[in-house]
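Which chain is which? They are A, B, C and D, in the order written, and residues in each are numbered from 1.
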Amino acid sequence: MTDHIPVLIIALPLLTAFILPIVGMINTRLRNILVFLVIAAVNLMLISLVQRVSIGGEVLHYVVGAADPLQVIREGLDFPIRIVLKIDGFSLFMALISGVITFVVFLFSLSYIKEGERKNYYQLLMLLIFVGMLGMEFTNDLFNFFVFLEILSIASAALVAYRTDRKHPPYAGYKYMLVSAIATSFLLMGIALCYAQYGSFNIDYIHGMMKYTLLDKMALVFMLVPLAMKAGAIPMHMWVPDTYSEAPAPISALLKTASMASLYGLFRLSFSLFGNPLEGGGMNYHTLGWIIIVMGVLSMFVGVTMALVQNDVKRLMAYHAVSQTGYMLLGVGVGIAVHAQADGGSAFKLFGRVAMMGGIFHMMNHAFYKGLLFLTSGVMARRFGTRDLNRMVGLAHRDTFTTVAFVIGALAIAGIPPLNGFSSKILLYESVYQFSPLLSIIAIFVSVLTLASFMKVFYSAFMGPERKDMIIDATPVSKGMILGMSILCVLVVGFGLFPDLVVGTIVEPAIESLVTIL
Amino acid sequence: MTDFFLYVTVVLLIFFGMVALIYKRNLIKIVIALNIIEAGINLLFIALAYRPNGTAPIFTLAPALGELKMVLPTPQALILTNIVIGFGTTALMLTLAILTYQNNHTLDIRKLRGVENND
Amino acid sequence: MFTVEKIFTQNTGIIWYPLLLVAIFLLLICILWIWGRYYFRNDYNKNTAQVKPFNSGNLDEINYPIRSGNLYWGFKKALESYFTFIESLHKGDLNDYMVWLFLSIGVVLLLVSGGLL
Amino acid sequence: MRLASFLSLVLIAAFLFVGILRLHPVGEPLGNPDVFKDRGDAITDIKNVDTMDDYYLRNGQTETGSNNLVASVVFDYRAFDTLGEATVLFIVVSSISMLFFTMIKRKGPETSGVSRIGEFPGGVSRVITFGSFLLYILIITFGIYLVVHGHLSPGGGFQGGAVMASATALLLISSLMTRNVQKTKKIFSFFESLGLTLFIGIGFVGIGVSFLSNFLANGNPLLFGKAIAFGPNPGYLVSAGTLPLLSLAIGMEVFFGLSIILVTMYHAAKDE
C-alpha cells in the first residue's frame, strides 16, 4: 500500500471534499472532525515520506491508472502514455509547507469564521485549495499542472470574495480570478507549443528530447512570466495588495502559500523542463538568472517602500509578501546565474548552492511567519472592526498572546537573529555578497525598512491606552485561534534556533533534486 | 494553403482578446475578451490535432481499415477539459461582477478604483 | 541538538551554538533580575502619577490613539517623485495590470529573439 | 503606457505567428521533422509508434475496449485530468451557491417564488407549460443516451450532462420549478456529491491495480468487460470497462451541478 502513497495524498482530501456537502447537511461537528482528520492524515503521510524521499534521496514515481503504477515507461515504448506523479525533494518540501499552513488555517478559521450554512462551502473550498497545491507539487505532467493550478485559482478567487456583503471583496475576487485566468491561458499556450514540438506532456520526457528551438524558448516565456505573475513578482504584483487585504485573514495566509506553489511551478519548469543549467544545453542561463534576479530585487525594493507608507494593516502585510517573494527570487536567481558560469560549477559549489539554499529555505520560513502575521492581523481587524491603523489602539492590554505572536512574526520577517527569518536571510546575504555586493546591500537595506514598517504597526495598534469604546468585537481569542498561532510561533522560533535541523534534512535534498550537483 | 489561415485565426483571436483586455473598461466585456482568448487557444490545440481528410477517432461504423485516417484524440480530450474550465471561470467571474455591481452600483473599472483609505 | 550548526558555520563562517545563545539569554535575565532588585530606583510606586506616560506637560489624560499613519512622512516627502510614480501604478486599474503583464512578456520575448536567452 | 503595451501586444502576436508557422503546416505529423522519423499517412502503415497519439490510435481501442478514442483518453489514459476537471466544476458550483447565498436569503425563497402553473407575470399559458413538460422528458432521455453511449458515439459525461441541464433551464423558464428553492438545491447538491463520490469511488475500487485504473476492461462481458477487436465494429454497449460508469458519474455531476447554478442564478436575478 505504501507505493500508492503519492496518489492517496491527493485523492483522500478530494474524496472528503466530495462528501463534505452531504456530511455538512447531517451536522457540522462531524464535518469539522472529518476535515481535521483528513488534513492531519495527509500531513502524517507527508512526514512519513520525509524519511524515504528527503533523507533517503529516493524519487517516487506513480503512474495513475496503469497496470503497474511504478513503471513509468512500458517496455515497447520510449515515452510515457499516462499521467505520472513524481515526488522528489523539492516537491515534498513544498507539500510540507502547504500541509502545515493548511492545518493552521483550518484551526484558526474554526472559530474565526462564524458557523452557518456558508461555512460548509468555506471548509470545502479551503480543502480544495489544499488539494490544488498538492496536485501542482506532485504532478510530472504539464496539462495536469494546468488543471490543478486552475483548481487552486478558482477556489481561492471564490474564498477571497467570501464576505459578499462588504463593498470591496467581490471586486477583489474578480481581480484575482481575472489575473489567474489570463495567467493560466498563457500557460496553456506554452503547453500547446511544447505538445506541438514533442507530442507528450510529461516533463521528464520533454526535458530529454528538448532541442531549444525558437519555439521552445517561446514556450518558456509563455510559461514562466504568467507563473511569476501568479507568484506576485514585480512588475505584475499589483493584484497582491488588493486581493490579500480584502480576503478574510486565514484565507490571505492560505493565498500566500498558494502563490508560493506557483513559485514552485516557476522553479520546477525552469529547472526540470527547460534543462538543467549544468548540462548547458542551448539555453543561456546567465540571462535567465539575471531576469529572475532583477525581478527579485525590484520586488524587494518596491514592496517595502510601498509598505512603509500604508495605513491599512493587511495592505501593508500584502506589500511585505511581495517584497519577501523578492528574496526567494533573488536567492534562486543568483543560483541559476552562478550555475551558468563556464567555470565547471566551482563557483556554484562555493556560493551558488548556498544562495539557492537560502532562497528555498526562505520559502518555508516566509510561509510560517507571514502566516502568523496574517492571522494576527485578522485578530486586530476583527477587534477594531476596521483595518485602518489610525483607528486601532492599545490591543496589548487585551490580547497579550496576539501581541507576543505579532512581535515574534515582526522580528522574524525583519531577520532578527534568534528567529527563522534570520537563518535564511544570513545564507542569502553571505552568498549574494560573493556574487555581487550591491545586491546584498539592497537586501539588508530592505530588511531594515521591513523592521521600520512593522514598528509602525506595533506602536499604533498594540501600544497606547486601553480604549473600551473603540473595541467593536470583544469576544476573547478562542482556543483554536491560539493553538493555530502557537503552532506557527513554535515553528518560527524552532527553525530560528536550530536551522540545521531543517536545512540538513529537507532543504538540501530539495536543491539536489532540482539541480544535479557536481 | 487553406490550412495556413487556421493559424492566422488563432493568432488574431488571441491578439484581439488581449487588445480588448487592455482597452475595455466594463467588467462584463473583460469576461468576453477572456473567452475570445480561450477560444483562440482551443483552436490552436485542434489545429495541432488535425490530419488531412482524417475522420473522428471513433471506430463505430468507421470506414474500412485500409484507408482509415484518424485525427489525433489527445488534444480533443484536453479541449473538453479546457472548455469546462473556461465555463467555470466565466460563470464565477460573472457572479463576482454581479456582486460587485450589487455592492458598488457600477461596472466601470475607472470608478471601481482600489479601497478608499488606500496609500 | 548540541551540534554546531555545520551548514551554517561551513557557509557563513559564524559560530552558531543555539542552546548556548538561549543559556546566555536566560543568564542575563537572571543577573538583571537579581542586580536590579537592589540597584533600581526604589522610589517607584504603582498607580501614582508616575505610571501615566509623560504627556509633555499638559495635564489631560492621554486617551487618543497614537496616530501612526504618517509616521514616515519625512521618508515619503524626501522621495516624493518616486512615490507619486509608484502609487500611480497601484491604482487598482485592471487594464493597467494587463498592460504590465503584456509589457513584461514582450520584453522577455525580445530577449529571446535577441539570442540572449 | 497604453501605446507601449499595444506595441508589445503586436510583438507577442508576431512571435506567435512566426513560431506557429515554423512549427509545421497543418496536417503534418507532430513536431520538428528530425524528432519524428516517418511521414506515413494511413493509420495502419505508420511503422513505429513515435508519439503518445500514435499509440492511442493503434492500441487505444483494444486496450480500453471503447470505440470512441477521445472517451478512452478522457476516462482512462488521462482520467486524473478528468477527476481534476470534475473538481473544477464542483468548485464553481459550490462557490456560486456560496456567493449568492446572502442575496437569495435576503429575498426569501418561499414568498417571492412564483406559484404554480399560470402565475408567471404575463400568465404562461397551459400550452407552454405542458409542452415544455413533454419536451423536458425528451431532452432528458436524449441526454441519458449521450451519457450512456459515451464510449461508442461522440459524447460522454460532460456533453450529456450539459444537454440534460438545458432541460432544467427549460423548466425554470416555463415556471415549473420555482417553488421551494432551498429544498431543490439541497436535493441537487446531494446528487451532485453522489455523482462525484461515485467517480472517485470507482477510482478507489481500482486502487488494487492503481488509482483510476480500468480494471473492468477486457474482463467478463457482464460487467462492461467485452473485449473488442481492432478495427471498425458496430459498437457494443457492454464493452469499455469502467468508462460507462465514469461517464455516468460525470453525467450525473454535470447535470445536477449546472442545474444548481441555473436555479441559484434564476432566484438571485428575480425581481431586482
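Rule of thumb we're sticking to: a residue touches a chain if its C-beta (ideal position, glycine included) is under 8 Å from a C-beta of that chain, and two chains touch if they have at least 3 such contacts.
Since the structure is predicted, the reported quantities are computational estimates derived from the model, not experimental observations.
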Count the touching C-beta pairs: is C-D or B-D ahead? B-D
Distance from chain D to chain C - Cα centre to Cα centre, in angstrom: 51
Chain B to chain D: how many Å between their CA centres? 16
Centre-to-centre distance between chain D and chain A (centres being mean Cα positions), rounded to whole Å: 32
Using CA atom averages as chain centres, what separation in Å is found between chain A and chain C? 22
Two or more partner chains touched - positions in chain A: 143, 147, 150, 154, 157-158, 161, 164-165, 170, 178, 182, 189, 195-196, 214, 218, 242, 306, 309, 311, 388
The positions of chain D in contact with two or more other chains are 2, 5, 9, 12, 15-16, 30, 52-53, 56, 78, 81, 84-85, 88, 91-92, 95, 99, 103
Chain B residues counted as touching two or more neighbouring chains: 14, 18, 21-23, 30, 44, 48, 74, 78, 81, 85, 88, 92, 96, 99, 102, 112, 114-115, 118-119
Specify the contact topology among the chains shown, as one of line, ring, star, complete or other. complete
Could you please specify the touching residues of chain D with respect to chain C in the complex? 1-2, 4-5, 7-9, 11-12, 15
Touching residues on chain A, where the partner in the complex is chain D: 4, 7-8, 11, 14-15, 17-22, 25, 62-69, 77, 79-83, 117-118, 121-122, 124-125, 128, 131, 135, 143-144, 147-148, 150-151, 154-155, 157-159, 161-162, 164-165, 170, 189, 193, 195-201, 209, 211, 213-215, 218
The answer for chain C against chain D in the complex is residues 95-96, 98-100, 102-103, 105-107, 109-110, 113
The answer for chain D against chain A in the complex is residues 15-16, 18-19, 22-24, 30-32, 35-36, 49-53, 55-56, 76-81, 83-85, 87-88, 90-92, 94-95, 97-99, 101-103, 186, 189-190, 192-194, 196-197, 200, 203-204, 206-207, 209-214
Can you name the residues of chain C that touch chain A in the complex? 1, 3, 5-8, 11-14, 16, 18-19, 21-22, 61-69, 71-72, 75-76, 79, 82-83, 86-87, 89-90, 92, 94, 96-98, 100-101, 103-105, 108-109, 111-113, 115-117
